[in-house]
Amino acid sequence: MEQRDSEAAAPTLGVGMVGYAFMGAAHSQGWRTVGRVFDLPLRPVLAAIGGRDEAAVRAAAAKHGWASAESDWRDLVTRDDVQLVDICTPGDSHAEIAIAALEAGKHVLCEKPLANSVAEAEAMVAAAERARQRGQLAMVGFNYRRVPAMAYARRLIAEGRLGTLRHVRVSYLQDWLVDPQFPLTWRLKREHAGSGALGDLGAHIVDLAQYLAGEPLVGVSALSETFVRERPLPAGASAGLSAPGGAERGPVTVDDAALFTGRLASGALASFEATRMAAGRKNALRLEINGELGSLAFDLERLNELSFHDHTEPAASSGFRRILVTESEHPYLQAWWPPGHGLGYEHTFAHQARDLVVAIATGTEPAPSFADGLQVQRVLAAVEESAAKSAVYTPVPTSVRASVPESAQTSAQTSAPASAQAQV
Amino acid sequence: MEQRDSEAAAPTLGVGMVGYAFMGAAHSQGWRTVGRVFDLPLRPVLAAIGGRDEAAVRAAAAKHGWASAESDWRDLVTRDDVQLVDICTPGDSHAEIAIAALEAGKHVLCEKPLANSVAEAEAMVAAAERARQRGQLAMVGFNYRRVPAMAYARRLIAEGRLGTLRHVRVSYLQDWLVDPQFPLTWRLKREHAGSGALGDLGAHIVDLAQYLAGEPLVGVSALSETFVRERPLPAGASAGLSAPGGAERGPVTVDDAALFTGRLASGALASFEATRMAAGRKNALRLEINGELGSLAFDLERLNELSFHDHTEPAASSGFRRILVTESEHPYLQAWWPPGHGLGYEHTFAHQARDLVVAIATGTEPAPSFADGLQVQRVLAAVEESAAKSAVYTPVPTSVRASVPESAQTSAQTSAPASAQAQV
Amino acid sequence: MEQRDSEAAAPTLGVGMVGYAFMGAAHSQGWRTVGRVFDLPLRPVLAAIGGRDEAAVRAAAAKHGWASAESDWRDLVTRDDVQLVDICTPGDSHAEIAIAALEAGKHVLCEKPLANSVAEAEAMVAAAERARQRGQLAMVGFNYRRVPAMAYARRLIAEGRLGTLRHVRVSYLQDWLVDPQFPLTWRLKREHAGSGALGDLGAHIVDLAQYLAGEPLVGVSALSETFVRERPLPAGASAGLSAPGGAERGPVTVDDAALFTGRLASGALASFEATRMAAGRKNALRLEINGELGSLAFDLERLNELSFHDHTEPAASSGFRRILVTESEHPYLQAWWPPGHGLGYEHTFAHQARDLVVAIATGTEPAPSFADGLQVQRVLAAVEESAAKSAVYTPVPTSVRASVPESAQTSAQTSAPASAQAQV
Amino acid sequence: MEQRDSEAAAPTLGVGMVGYAFMGAAHSQGWRTVGRVFDLPLRPVLAAIGGRDEAAVRAAAAKHGWASAESDWRDLVTRDDVQLVDICTPGDSHAEIAIAALEAGKHVLCEKPLANSVAEAEAMVAAAERARQRGQLAMVGFNYRRVPAMAYARRLIAEGRLGTLRHVRVSYLQDWLVDPQFPLTWRLKREHAGSGALGDLGAHIVDLAQYLAGEPLVGVSALSETFVRERPLPAGASAGLSAPGGAERGPVTVDDAALFTGRLASGALASFEATRMAAGRKNALRLEINGELGSLAFDLERLNELSFHDHTEPAASSGFRRILVTESEHPYLQAWWPPGHGLGYEHTFAHQARDLVVAIATGTEPAPSFADGLQVQRVLAAVEESAAKSAVYTPVPTSVRASVPESAQTSAQTSAPASAQAQV
């Protein structure tokens, strides 16, 4: 009995991806997996992958399962078999590729941070708004919103389980720059990366804080530091997180660490720390949120767990409970394994793909939108401005229209991503 | 530039899978992913999936990406495009399918437990030994050996970091039977499941204990219990872990929980507990091993972590260290994500597939072998015998030839699975 | 303004303590502190301390604040200024001292285990029953019942928060015998210690299991082992936990580790492990209890915390909550510090003293009674019998009259110790 | 044999304590216990306790074991039988009492914060310097330096185990003000408390950060907030942490929370958070310090544990180890219980008393000195100044002479407190 693909009936969605390093591999796994796990209204097809180095992009296509390869992204974004362009390149090329793709009539998924500057991000938002009129959608890849524990945390907060928020504290600690011999890769150069730990890690935690709280940061005060100011030049081509260093040295032009405090629109206090110099912390995105009725805590190194304290319970029996976010009642989980059979980092990309595919099929705005990405960019710019001005409290200009979800997705299988519009 | 698959050069390995429930989904994800992440000497092709219900198996093929479907496993195991048969059915059909597949000249991967009885397991080992002469390999799917933390734990023990072992304690706690209204699915009937928590969970922890210790259990003393002796009959067809219960009730004919203690060949004491009645524990496979020089601890609910105490260190600064088993130096990890970007449950199936493909390509014996599966079966039989005889200490007969790996795999990318033969 | 002791109005309770090693120091701290923290109906006076070595006991009196010293315990138990005899000697002398003290008309607090044999324990219970007629009370020092988290756990179970119990698992892991050069102190000789890890650690966890469950063990199956069978003789006098070892060696005549499983009266399964060979575990008394409605978990190394899972909550938001047992609503805590300001090990002795003083003042039976201590002794004897008979399941004879508290103390300040009598 | 106190030979040290609320109780327990646990060169005598309310202070004397009571602290500080004055009153009276006591020729122990203003603290330092010439010593009661885990952490840092420091992050989270009905006690009024969470909790973490790092903060940027601006007036007399609130309300004149970042002298970045509005956190003083060679982490809610990551170890087997700081090799522990038998909050007061008694006996400068207290006060003032000036980075003036210990105490039994002088 030959199998006649019952999915044949579902229309396809051709995906073209630009970039094939760490993010490219992670997105590929997401695209390969999403249709095998979730029931989708559109069937994603891995149509084409793009990158400058012809041999490398061809090898990446073979390895990751893309049907074809392009060595010029301009050719990729105009292919007829591509309806969605997924941008996994460093931040300095996001604006150009995203705007071109949107103007070519494609939906766009763009890795975070949205851009390396507010001006670029504003141009991208403008392009996205024009494209929206034509029916194209744009989403920015803050994938940690799709950790089930984070989506569930958002649901608890949106339901009022924490009451009025008092404190949001988030840190993102890694340690791959502790060694002063780690080489000067593109992530350590301002012209490519925009900033250092701030844009790489800080962008994630700013988005997550605003997403979970359901409100924007309105001002920040910041310190930043580059502890190791010169590093060996990479011996060969720069290759992401690791590359052997040579004898010659060059200047590090981004921050190693950024610390900032701030206020949310509701008056809650917030604190942030992004660093790649925290020895022993590998991927410690930690957050705690305290409200008048309860608190939440999370650590990305234990991503299947969420701690929740319900302050309305009797004092004697209350405490932070460790919720294993692996029940079928939890966001995205109905599609996966039995309780306690945990997910990993890469699943966030399948969830992101799932939500975007549903948004495209239903014509609803995906979240986080480019406007959300711009809002994050404005926070990062305010952080850099404050750090340059003796940490003085610096307001964050708010866009006229940024989406902050008012309620979390309640069922991975049945609901469209909720993305209410809010004036912030 | 159309992509010409650079993998085309690698010979293919046609996989035929029987069964499409929980295990079928998990194995499918493993087979789809393994070649995209690891560099393999053979390229797995998802050739055919088999199952009795024609519509269901066809739907499963479409969903999970199998090229064709068979409604009679006998047809599947003789297909020319299948070189490897992967058995994901309940335990009562393992022996028949596995022996037929081996006799049809196929390699076989069989889910755990190897069989529902020692006699069946012995027949399977005999078939595997005959097949071995013809070049076919057989492996049993104790996938938890492929949790990187477990493979790394084995490496530490094999290197002598724990010294002479004193204690091995392992428990596997779940809670899906706490509710007395949970229905009487196949897993609660002796004729299909062989036993209850013992075969389902106990088989895993017996294998893991023997694998990690590098030596067999030589005797056991056991208690077991069925707390809820009648349950509602499933309203519809039995469907694995969950199904709504009806008004009619039937007898539970397997254990809800099994507790046993024992001795390893070296004299170390061991304790085991398998239960599906531990409220709040979802997938808590916990182990601790104490040796004269150090100790290890692990909890499957935090599968990216391993705790290690080095007792040779100065007392003031020693303690159990939490190793995030996500470094490129750890087993299987070089192929995955940066440090701290954790893996999930399903990755064990990709790792299992990777090791089996390498074994087939290199003609080396995979581990755990059918003989290892038989050894586990003998322990389970001794447990049931002891439980029936007032817990009296019951020796475990040892096979003439069972493989217990002497050293753990040291590099996911470069080494073949180590599987030294040992007289036990 | 000279202070006129307002406590002068409270009648005194003269305490005489026998023994001045580790337990003597801990009890002394309890007696010195109890009246300064709790409001007591009787004011304990540290009247006399007894021990064989005259210089040592005199030094101990000075150090620990006892008013006088006796080098013969027979003189101590008959002193007019002593109303309560607190026995902190090794187990082989408990029966003789306790019976003499009771016959001399004194109340008695006796360290655990009650005795080194069932016969001794039975004689002690008989003496206690005779003394009870004359108004003297007897208590055994299972101090871990007085860890606030344990008293609170008992309260939760007594209130039915766990429902029908299914599993009780307790282990007590230490590591001070891992080093084979640790000397042969009195705790390693059967004639003084009665047994090894079994009596030292196992007695604690058997009592705790029965106390928390509110029901006795009715049968056990056991394995035990002495891993290091010869050790250096102590260079000087044996001194408790540590002493330098000399060149000569002698046989260890007690167990290093004991593993046992069993059944509670209600049918719940129980497992126990006591060992002093678990490298890296210092004082890891760990327990978990699973019931149909919830579960509890505890680790003595984090004695201010109790984990509680309420299985009646919605699955999505349920999980083990970490209760900091430091609220004024918790047992004993009203007398201590603000929330989160944790207590230590020694506080159990102040709590024990407080409960005994209240019992004496009110003429109520203290718990654990000598009958409770006998019940533990019978379990230990059954464990040894089972271990000697190939682990065969061995019933535990139940005394005609043993107290197992039906409800936990609900307020350290206001309530008398609850100690309902139950036929077990 | 009547006991002749062998300690009689040791000269006495008469202690007079002012204040008898929470801190008074804690200090009393420290003074009662210290000589029973540690071998001391001077024998502390609880000579007199002072307080305004004659009946209350008399009751406190009886309860806590002080020989006499004074209703005017001026009488207490001039008593002949008092050589050491221990000040446990609210901060607004510290300066007056301390200066009077020093001028009366007494040694002084003053609770933290040293004072409510920099000016008061400076006057106290000047008085302490004058007294030093006469042989009197002064110490400020930052008792958390005496948590064994903290003293051990200091030792590890002083030994260079962390290398150059990069990050110090400390937060102190409590939740007793979450309830808006909590009454307006003295701690919520600026005139008595000086500041809110900042002085109460922030003072502790600033001192701890500087102590552990071995260097001062040189500048800060701060935000602070009072979330609940009016609270019910206490129905009766204000009584520390808890009092029932009445119907009338008054303004809260101190901060509920303070967030600040800063730089240490070496260039390390630091962050601080002090709040009494973190629902579910009872006494969560948490810190993490990252250096080029390693990291430390600690949580006061688990005060017997210290986490240490040694970054010089092989990546595969490294990780944060949980050190149970209960070994005899750890600071203060030789005097206490066997390994794993944890201490509690109050033990810090016994350790503080021990170190001060040894300093007095040996004529060495105790740490933290009043100059250390002044340095903390300057940080708090800079925090308030920055918070009032839009968070602008505000330098911390450094005193000409503040002691920051260069090395931690290495043995509780044998060494005097190390307190090297440093120009900061």
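A few notes on this one:
First chain written, first letter: the chains are A, B, C and D, and each begins at residue 1.
By our rule, a residue touches a chain if its C-beta (ideal position, glycine included) is under 8 Å from a C-beta of that chain, and two chains touch if they have at least 3 such contacts.
All of these numbers come straight from a predicted model, not from anything done at the bench.
Relative to the C-alpha centre of chain D, the farthest chain centre belongs to B.
Note on B-C: across the candidates A-B, C-D or A-D, the interface recurring with over half of the contact pairs conserved by residue number is A-D.
With centres set at the average Cα position, the gap from chain C to chain D is 35 Å. The distance from the centre of chain A to the centre of chain D, each centre being the mean of the chain's C-alpha atoms, comes to 43 Å.
Between the Cα centres of chain A and chain C there is a gap of 54 Å.
Looking at chain A, one finds that residues 281, 309, 318-320, 324 touch two or more other chains. Listing the residues of chain B that touch chain A in their complex gives 1-7, 22, 26, 28-29, 32-33, 36-37, 49, 54, 58-59, 61-71, 174, 176, 241, 281-284, 300-304, 324, 326, 337-347. Note for the complex: chain A touches chain C at residues 152, 156, 308-309, 314-324, 327, 329-330. In the complex of the two chains, the chain A residues touching chain D come out as 166-167, 169, 171, 173, 175, 178, 180, 221-223, 225, 227, 257, 259-263, 267, 269, 271, 273, 275, 277-281, 288, 290-295, 309, 311, 318-320, 390-393.
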